[in-house]
Each structure stands twice: as structure tokens, then as C-alpha cells.
Amino acid sequence: NRSTTAGAKPTVALVVKTLNNQFFIDMEAGAKAAADSLGIELLVQAPEREIDVERQMQIVENLIQRKVSVLLLVPNGSREIVPAVVKANAARIPVVAVDTRIDAAALTAAGGVVASFIGSDNEDGGRMAGAFLVERLAGTGKIAVLEGVPGHETADARLRGFRTALGRAPGMQIVASQPANMERDQAFNVTQNMLQANPGITALFACNDVMALGAIEAIAAAGKAKAISVVGFDAQDDARKAIAEQRMSATIAQNPREMGRIAVITAHRLMQGQAVASEQPVAISLVK
Amino acid sequence: MIARTTLRRMARGREAGTLLGLVLLCVALWIATPFFATTENLANVAEQSAIVGVIAIGMTCVILTGGIDLSVGSLVALSGIVIGVSLQRGIPLVISVTLGLLAGVAAGTLNGIMITLGKLPPFIATLGMMSVARGAALMLSDGRPISDFPAGLRMIATGVIAGIPAPVLLMLALYAFTWFMLTRTVPGRYFYAIGGNEEATALSGIDVRFWKTAVYAISGLSAGLCSVLLVARLNSAQPVAGIGYELDAIAAVVIGGTSLLGGTGSVIGTLIGALIMSVLRNGLNLLGVSSYLQQVAIGAVIIIAVLIDMALRRRVQRSPR
Amino acid sequence: MPALRMRGISKAYPGVQALQNVDLDVEHGEVHVLLGENGAGKSTLMKILSGGVPRDAGTIEISGQIATLSSPRDARDAGIAIIHQELSLVPGMTVAENISLGRTPTRFGIIDQRRLVRDAAGVLATLGADIDPRALVGSLSLAQQQLVEIARALSLDARILIMDEPTSALTGKETSHLFETIASLTARGTSIIYISHRLDEIFTIGGRITVLRDGRNIATQHVQFADRRELVSLMADRDVDELIPASTRTVGPPRLRVDGLTRGTALRDVSFTVHAGEVLGIAGLLGAGRTEIARAVFGLEPFDAGTIHIDGVAVTIRSPIGAIAAGIGFVTEDRKREGLVLDRSVCENISLPILPSLSRLGVVRTGAEERTAMASVQSLRIRTPSVHQLARTLSGGNQQKVVLAKWLATGARILFLDEPTRGIDAGAKQEIYQLIQALAADGVAIILLSSDLPEVLGLSDRVLVMREGRIAASFTGREASAERVMAWAVGA
Amino acid sequence: MIARTTLRRMARGREAGTLLGLVLLCVALWIATPFFATTENLANVAEQSAIVGVIAIGMTCVILTGGIDLSVGSLVALSGIVIGVSLQRGIPLVISVTLGLLAGVAAGTLNGIMITLGKLPPFIATLGMMSVARGAALMLSDGRPISDFPAGLRMIATGVIAGIPAPVLLMLALYAFTWFMLTRTVPGRYFYAIGGNEEATALSGIDVRFWKTAVYAISGLSAGLCSVLLVARLNSAQPVAGIGYELDAIAAVVIGGTSLLGGTGSVIGTLIGALIMSVLRNGLNLLGVSSYLQQVAIGAVIIIAVLIDMALRRRVQRSPR
């Protein structure tokens, strides 16, 4: 049986999208803290690239071989990861989805189950950011958008939300929307170029703080810091600092630490054979 | 007879070094963790090696001719999307898959034409194609993944024949075929000849342009086959699939002892190289190594594997023929 | 009707009119000799005939039919085969595969290994070359590779067979074998176009002779009515004294002493001494180990046993850097692989080993560099539009001269010359012989490794004969004769 | 005199093709959008080209010797993090920056040693280093970006001298220096010679191992310099910085007409190549081209630029000088 092969401590695996991203590092920190207090051994693994769902699938498969007790999973692809979840179920390892949902339809179709979902909705966050700008600019403005990696779900969800929010205010028009691949230096260049093409820009929304921080450097370099309000996403430390220094207007906080903490506690309950709620929402908030 | 020559070649040290590297790695992991040497896990590793393993086949042929193909990663995405879109349009499975493979072959052929007629360096032609094909895949799919494929396709990933996962069988079959093609048939020998001395090959009346174009078409085909495996595995075709696969494939080829200058190497070495890569990743996961340390380890092992290989080959070469 | 009729062939390369309105007729079963100095256009003409290079103008008829010959394949289908001056083999493949390249025998699409090897062994046998058809070409010595190149051309059994300096790296033994083969081919009606700078060969096999100079026809005549001296002056457009000038040198103190040099089976207990102002010739058959000596002393190959003294002082040389520092120079036998950086200019090739001395604070004094290069180009009569011409575009012989120039520029006091006149025309040979004499006269110790026996005998103060890595015999220049040297070389 | 030779070389078509490509591109954009040909925007483009432009300098030297360096992207991240960590530890700015540069040089030297002593193919040695250095950067920084650098450092990015942005000046200075080094000094000649025929160069008594190691050290240094620019520009050192820079740099080098086989090429061509890349990206942003189409366009232009270059070079070679 599992407990003997897995050694003294029960092992819980947390597989995130990538550990090159502050968001998941914070999630890891929250989870580690909880794990230590509960005396759980926590394995944290992630592919090098945030969009690499195949590699994430391999990691899950390998951790199933490792016979972990519970799998906490932040899927890189909410449908693509389903076969891996099914494999975990087959190995009688409970799966908990964190931050990003696992596609319900696909999961049931494949006969898989998820013990619980912990997280908040990116589309909501996008809507929140949009609403903030509508209010701040009193319903009229020229908006620039920094998209994420083309075809990348999280960023797309945030963008969808943002667009729906602006849809309600006819005076707000998106004059430029360009990808900067979630990278700071690309965001810098793209912003610089967008400012050239659209001198009248009054606000900028970036699908994550990394890009937002690149953007404010470019805007400052163009001497338009006063004229343009920048909104990011993720509420990274740097972003919070920038907001405090009024170089940036707002960002959306998803509180990854909390997600990590709740995830590990959930794992603990599952190991104890206790029931867990199938939905554990984590508060999302606007930081300004 | 075939077996004998293979053995002789191995003894001559072309694959021996790589094989030793793989064995050492396995032994180390076998000692380090109880989870590695289970039949289940080994099957799991083999299955995971199939994806890169299949592209590495075409890459081996390309590199043997002295070329390189950076576009395979994007071509995996492109032909996957073509399959997905065709199925959405209600085209039958078999035809859709054929279309997907054709997309890979067409893009590969285009690479070949740019290189032979356009006289472009392979690195540049395929770097361009890498970007173009990625863009095309994104446009075809509006950047969204395409999901839910018929069970028939899924079988390719999930099927098990005689206890061996279908992807592994497919990979092995392709390797066996390619090995035969490279060592026992005329086109195979032409690939070696072109890589060894293109001018001399042309002077002996061989249509170098044709065969070089063919080799990139083959690479496109193997990218297409890889994407079939991937789509079946993920039950989804993604426009962002396959990013960075080209480097993994090239690493597998070179770890396998094929020279980037062309003319020398073998596809069997490539298979071993691909296995080394996935055994390593598997082991690091089983050991629960931090994902930062993993990157360091992977880089280090690539280097060490080739170092061993080189050292061994020099030793063999020195000893009198 | 002749087997081949070429009319008004012209070809221009950047900066050079390689061929201008050249005609050539070859009869069935004739050995037609092409003569000309380095850069006269012989190889270019033959490359055009074998479809390797497009012609700017001119027509080609083969047994009466107009032939386009736009690709090597065309030429082969028209029954034309060529032995290239510069080896064109695939090093990574076996001898057999190289010989059958492009015509690999198959059964049901699968390569017929047995026939492949059998056929190759057959052709090699007719050449009396004992080379394993399964050996990798890259592992063969230059001379062995040249035999493979010849074998490949023979295996095509063509109607017109072009031989562009086939013997430049061969010794007497293989050469005579080749001539027997040629005789039997012509008997069967095969026409042969033969290019060589070794005039005595021409008189043994030649039918008619066509002389080219600066890409133009100069004369065509039958070999019986030709005399050596006349031919040479026709090529050079000036009188060239072919006799090797008698040397009036005083041999100085020992400069290089090698004792018991041993390296596996390639070198076995080799000992010799070269004095200042002395030319030491080393003769031997293919693979006798001459090149190996040079490579070992020059620090390219570690050796198992042996000591080296320079000017009486024991030295250990681990690399060419050490060798050059010790005043040793090494003109290698394979100019393409070891001699030249083909895509750099003549000037940069010559200055390469001495750049530091041509520079101030690491900055190259281009003026001084060009002067050095120009001086060599003049003194060695290197044919090139300018010193900034890429080495690649020079004719074979002129490339060889650039390599020589490079080493002369280093002012080495001990000079290994491995096949120094390989593929070099009679006039240039003369200049090089005089150069060797002159160098010896001002005290350079010269080790001459050559397969050209007259050259060895004519230039050397002493002659060593090598066999299977051993020094089999040693003669003073006076004692040495072709017969005796060959007798020892083959071990009879 | 120097100028004259440059002109002669250009006329000889080594850079002419690339230059023509750049000009055509600029004219097209000038017609297509009013925002392109503004002094401000052109300054931007120049500034944006500095980042990749600087790594491409070292890459040119490496490629001239017939090698390749895939690790530069990761080295940018590593030396940036080293600078950041040192500053956090309270080490003075100048010393911190020096440490960062040294980190680049050290890693580069290690590349060189693996290639010369270890006889590893450059592709593999630097591919391994790519992974190792990335992992190291992540470990040093716990995966978190390091922010807020002293104004002194920021000046490097923000400073403007005689109306020209400081990064552009720095880049131009480095190019001028490298051009001189490659064409006028002994080491430069050795790099070309090694790339042209390594064996012949070694036989001419040149310490090939030393100079090959040196060239990778140079590449590491230019990665370090690039990271200084990047850190100053973003006011942040990131462990994930520089991903994919190696491909951009190699593209710039090859677009600039340097042969991946080594031995021929020029650093001036590389500068033009780098400019083509950033003009293109800038133009696509100004035109507001869809993100997917952008990738297609970038790939296509890389290919077309080199095609023009090749065609032109062939033409020039045919016509007598």
C-alpha cells in the first residue's frame, strides 16, 4: 500500500504552470508554509514554459509513479490535462484543481473527477480592471492593450472580461491591442511603438503585471507618465510598489498565497478522509 | 547479417558511448529511487520519449545531410491544427489526418526548395518557417485550442498492444524503418554522401537538390506524425504546441552521436539520445528535484553524455583498425 | 570521325579569362596529352567537358553528335568520365561506396552489399592497389585516396576518360600499374585525355600533345616529333633549363638529429641527421611513413619513443607552435586540407604564421603584410590577379606555391617539404628547385619527402629509402640511382 | 584608408544585399505609415535594436570561427541577476556591474573550454549551458525579479548624448571597435582563419584552442553588456530575461551575410541585420498588424532579406571585379 512505499511522511504534489512567474512562486510559498505547519512533505514541480501542457502532463504521469497521496494541479490546459487527471484517478490519487479550472465537460466525458476547485475567475478580474478604467476615465478614453502569449488561455480570459466591461461604455475605444508575450522587455518595445502610432492614448491595460511594469518604464521614457493610467494583473510586489509610488494606477489581486494555503489544507483533509467543498472561491480584489 | 553489421558499428563505438551514458543514468536512478525501475514507470518513460523521439527521426536525416530544421516545433502545431480544423468541418478522420501530414510535408518541401533553389542557409530558411508556420497555426485556429477528437484517434495514444503502449510501438517501427532506409537503401546512402561531401556527390551525377528537398519533406512528415501522437495524447490540437521541440530533437540527435557537420551518425543513436532525455526528466520528477535545479541537471547531463560519447569514440579511433 | 571535337570553348572567371576559343580533337583509342603551366586552363577545359562547369561559348561533339553536357550526369550518359585533379571523395563513406557513388547496385531497392564490394575490389585489383573496399576513405593516406579516385573513374568504363594529374601523389609502382591499365583501355578503343606535369610520363604513354597557354591553344603535335625542351618552352613561352642546377654547397654542422623515432607501426626506430645547408631526400612507396616522420617531428602526432636534437640541444616538441618556435617549417602534401584557408586571400594565407611580426600592438601593418605577400608572389611567380584574390580561385599549382610561400616567409631553418612539387608545372618546378638550392646554400636544413624520384636524386645530398616505417637504406647523392632506390623501397 | 576598404567590401556585395533589404523595408514602412519616419520613432528603433544588437556582436565572432552560442539568452539573465543580487548585498554599483560582466565571461570561457578541451560540438556545449545558466539564474533569484536600481545605472538606458540615446551610442561604439578588431588586428585574422580552415590554421602554429576559447568568452562578455542595457532599461533584473535572444542574434548575424560555416562575414552586416529585425517589429506594431499575422510577417521578411542578399552576392561574384 502507498504509505509504506512513500516513506514516513505523506507526500503531496503541487504542479503549477511554471515557476518562472511570481504568481506561482507566491502560491508555492503559501503552500509550503501550510505544509510545514501540517507536517506534510510537499513536492512542487512545473514545466519550464507556461504553455507547455504536454510537459506538465509528463510531470503528472511521473508523480503518479512517485505514488504521491494527493495531486494539487494548476493545469496549463484545462481540457488537455484531462487524460492525466484520469490517470491519477485510476491510481486512486485525489486531484485538486487550483487557480485554473479543469474543463468539466471534458472531464466527465473522460470519466475523471476533481475533488475540489480552489481559485478565482480571471474573466471576473478582467471585468474588474475594465470597470475601474471606465470609472476613472469617466467613460471616455483611448485604450491600449498588451495581450499575453498568443493563444494563452489565462491572458485571453482576462482580455475577454476587460473587453466586456468596456463594451458597456461606448466612449471607451481600444485603439491598439498588441501581444508582448507576458515579457517585460517586449512590453517596453511594444508600448513605445504603440505610443508612436497613437499619441492620444489615455489608458493601458496589460494582461499581467510583468508587462504592465515594462509599459510604465516605456511611458515614463516618453514623458507621458501623467497622461496615461496603467492597469495590470496579479498584484506582484513590484506592481504594488509602483502603485504606491503612483507610477501605476491599479492591478488585480488574486492572492495566490491564499490559494496555495487552502490547497494544502484541502489535501490534508482528503488524506484524513474528511469531506471537502467542491468549490472553494478565493477572493479577488482591485489594488489601487 | 543486418544485426551483425549493427553490432559491428556499435563496437566501432558510434553508439556505444551514448548507450553507456543511458545505462549509467538508469543504474544511478535505479539506486536513487524505488519508483524508477518499475515496469509501469519504464513503460511511462518510453511513452514520454515518443513525442520528441518521432521528430528526432526526421531531424536525424536532415542533420546527416549537413542541414538543420528549426521549424519542426511549429510544424507540429500547424499539422495538429489542420487535423483539428478538418475534423470540425466534418471531414472523415482518416482524410483529416492525411491532410495534417500533408501540411507537414508541404511546409517541409517548401523549406527544402528555399534551401536548394533559393540557396538559403538551412538555419535561416527553417527559422523563418518556424515563425511563419506558428503564425499560420494561430490564424487557422484563432489562437484557441481545438478539442474533443474521435475515439479512433485517441486510441493511437491510449492503445496498448502486447503490453506495450501504442505510441512506443509506432516510434520503434518508424526507427526500424528509418534505420533500414539509411543503411540499406540508395536514398539513405545519398543522405550520408551529401552530408560528407556535397560537391563530390553532385559531381558523381546525383541530383543533390532533389534529395536535399526530400530530406526536409521527410522532416516535415515526421513533425506531422509527432503531432498526430500529441493530438491523440492531449485530445486537443493547440496552436502553441511544440514550442522548443526543435532543440530537444536536435539534442537527442547530437547526444546520439550524429555530427552537426553531416555525413556521420545513425538513427539508432538518436533513439538512445531521446531515451536519455526522457529518462532524465522522469528521474528528476521522481526524485522531486526543484524545477530550477532540474534545468541545471538537464543541461549538465546533456553535456556529460556527449563528453562520454566523444571520449569513447576517440579511444576507439586510436586503436588500430 | 573523332571521338571528341571541342570548338571555340571559352570560359571567364572573375578577373580571369580561363579559356579563350580553345579547340581540341581526340581520336578513338588515343591518349591525348594536355600540357600547360599552372593556370593555363587545362582543368577548366576538362571540367567543362565533364559537365562540372558551364562554358561561356563553344560547341562539343562526341563521335559526331552535338552534346550539351550541362551536368555531370549528362557527361556520364555521353560516356565521359573524369579523375579530378583535386580529390572529390566522401571521407565518411567506404572505398566501395565511393567507387559506386551514383550507380549503387541494388536488388529490389536494397543495396547489394556483396556486389558493391566485389565490383570495387575488381577495379582496385586492376590498378594493383591493395586497399580494403570496406575501409573509410577518410582514413586513407592522400595517395591511397587518389587511387580510389582513379578506380571510380575506371569503373564507369567510359568512352572518353579524363585524367587530370592522376599520378601527382603516386609513386613509381602505382604509376606503372596505371599505365598498363591505360594501355589495355586504349586497345579497347577508349580515348584518354591525360594531364600531367611529369614530362617523362608523357613520352611513355602520349599519342598527340596539345599545349595550352593562358587559356589559348598554342600547338598540337604528335609526341614522336616533340622534344622535351621545346615543349617546356612552348608552355612557358620562354626557355627553361630543365636540368636540376648542380649544387655547390658546403654542408655545415648537424642541425636536426632524430634518434629512434617510433610510432606504432607507421614509424619504427627512425634515426637520421640533417646538416645545415644539406638536402636530405627521403624516398619510399605509398604509406612507407615519410609523411609520418614530418608529422611526428612537427608535433602533430605524439610518438612512442625517440629523441629530437636541434643544433645539438635536445628539444621536446608537442605542437606546431613549438615546432615553429624551434625553427621548423612543414609544407604538407595536402594543400586543400592542411595547407590553405581557401576563402581567405593569398596575402592573408602567406602572412598567417608570421602575423605577430607584421603587427604593432596587435594591429596588423597591412602595408608590410602586402609587401611581404607581393615579394613571395613575384619570387615564386604565383599566377593571381592580385594578392587579395581568394586562394580558392587559384589553379592547383598556384595554390601549392602559396603554401610554399607561407613557409618560406617564416624563415624556418629546418624545412620539411612533403611532395613540394606535386601538381606544379615544369617552369615552376625549376623555380622551386632553384629555391631549394638557394635555401640550402644559405644554411637551411631541408628534408625532401617526395615520390618524384628524379627530383629526389637530383636535389639531395643524401637519400634515405623508407619501407614500412623503417629506414631501409641510405646513400650519398653520388651512390644513389633510381634502380638501387627502388630495389630497397620495394624490399627486393 | 579604413573607410576605403569598407566601401570596397560593401561594393563587393558582402553587405550590399543586406543594406538594400533594410532600405527597401524602411521605404515600404515610410509609405505605409506616417508614424515611422519621425526622428523620435527612428530613435526608438535604434534603441530597441541595441539589446539584440549587442549580443549579436559576440555571436558574430563565434560564428566566424565556425561555432555557435545558444547560451547567450540565459547568460543575459544570469549576469543581470548577479548584478541585482550584488547590489542587494550592498556592493557598490561599479563592482556589481563588473561582477555581472565577469559572470558572463566566466560562463563563456567555460563554453570555450568544453568545446576546445572537451571536444564538444559548440551546439551541444552551449545548449547545455543555456539550460544550466537559466537554472542558476532562477536559483540565485528564487525565480523573482530584482528591482529598483540606482539612478547611475538607469542613466545607461535613459541618458541622451548629443541627441542620440546612450544605448545606441554604446552599441555603435562596440560595433566600431569589433569591426576594427576583426579586420585590422591579429586576433580578428585568427578568427577568420580558424573558421576557414581550422587544421591549416593550427598547422601554421596558431594556438587554435586558446583563440576559440577566447571567442566564447567574448560572446559571454557581450551577453553581459547586453544584460546591463536590459537591466538599466527595465529597471529590473529578471531570471526569465533573454529567452529566445540567441535565435534573434543568430538571425541578425546570418541576415547580415555571415556564413554559419564560418570564415566569411562581417560585423557591419550584423548591425544591418539587427536593424532589419527591429525596424520590422516596430513597423508591424505601428501598422497595428494582428499578432498572428506579425509572426508570419517576421518569418517571411527574414527569409526574403537573406534571399535578396544571396541573389545580389551571386550576381556580384559573377561580374568581374
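The first chain written gets the first letter, and so on, giving A, B, C and D; residue counts start at 1 in each chain.
In this section, a contact is a pair of C-beta atoms (placed from the backbone, for glycine too) under 8 Å apart; a residue touches a chain by one contact, two chains touch by 3 or more.
On a predicted model such as this, the values are computed, not experimentally measured, just so you know.
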**Study point:** Best-connected chain pair, where connection means C-beta pairs in contact
**Key:** B-D
Check your understanding: What is the distance in Å between the mean C-alpha positions of chain B and chain D?
Key -> 30
**Study point:** Computed distance of Cα centres, chain C from chain A, in Å
**Key:** 71
**Study point:** Distance between the centres, which are taken as Cα means, of chain B and chain A, whole angstrom
**Key:** 33
**Study point:** chain C residues counted as touching two or more neighbouring chains
**Key:** none
Check your understanding: Considering chain A alone, which of its residues make contact with at least two other chains?
Key -> 19, 48, 150
Revision key, fill the gap. Where chain D touches two or more other chains simultaneously, the residues are 134, 138, 143, 291-292, 294-295
Exercise for review: Identify every two-chain combination in which the chains touch.
Suggested key: A-B, A-D, B-C, B-D, C-D
Revision key, fill the gap. Listed in rising order, the residues of chain D that touch chain A in the complex are 33, 35, 38, 40-41, 44, 48, 51, 134, 138, 142-145, 147-148, 158, 230, 233-236, 238-241, 243, 278, 281-282, 285-288, 291-292, 294-295
Review point. In their shared complex, at which residues does chain A touch chain D?
Key: 19-22, 25, 48, 147, 150, 176, 178-179, 183-185, 188-190, 192-194, 196-197, 210, 213-214, 217, 221, 238, 241
Check your understanding: In their complex, what parts of chain B are in touch with chain C?
Key -> 184-186, 189, 192-193, 195-197, 199-207, 263-264, 320-321
**Study point:** Touch list for chain C against partner chain B, complex
**Key:** 50, 52, 71-73, 76, 84, 88-93, 97, 101-102, 104, 106, 109-111, 135, 139, 152, 264-265
**Study point:** Touch list for chain A against partner chain B, complex
**Key:** 5, 11, 19, 43-49, 51-54, 57-59, 61-63, 65-67, 77, 79-80, 82-83, 103, 106, 109-110, 149-152, 156
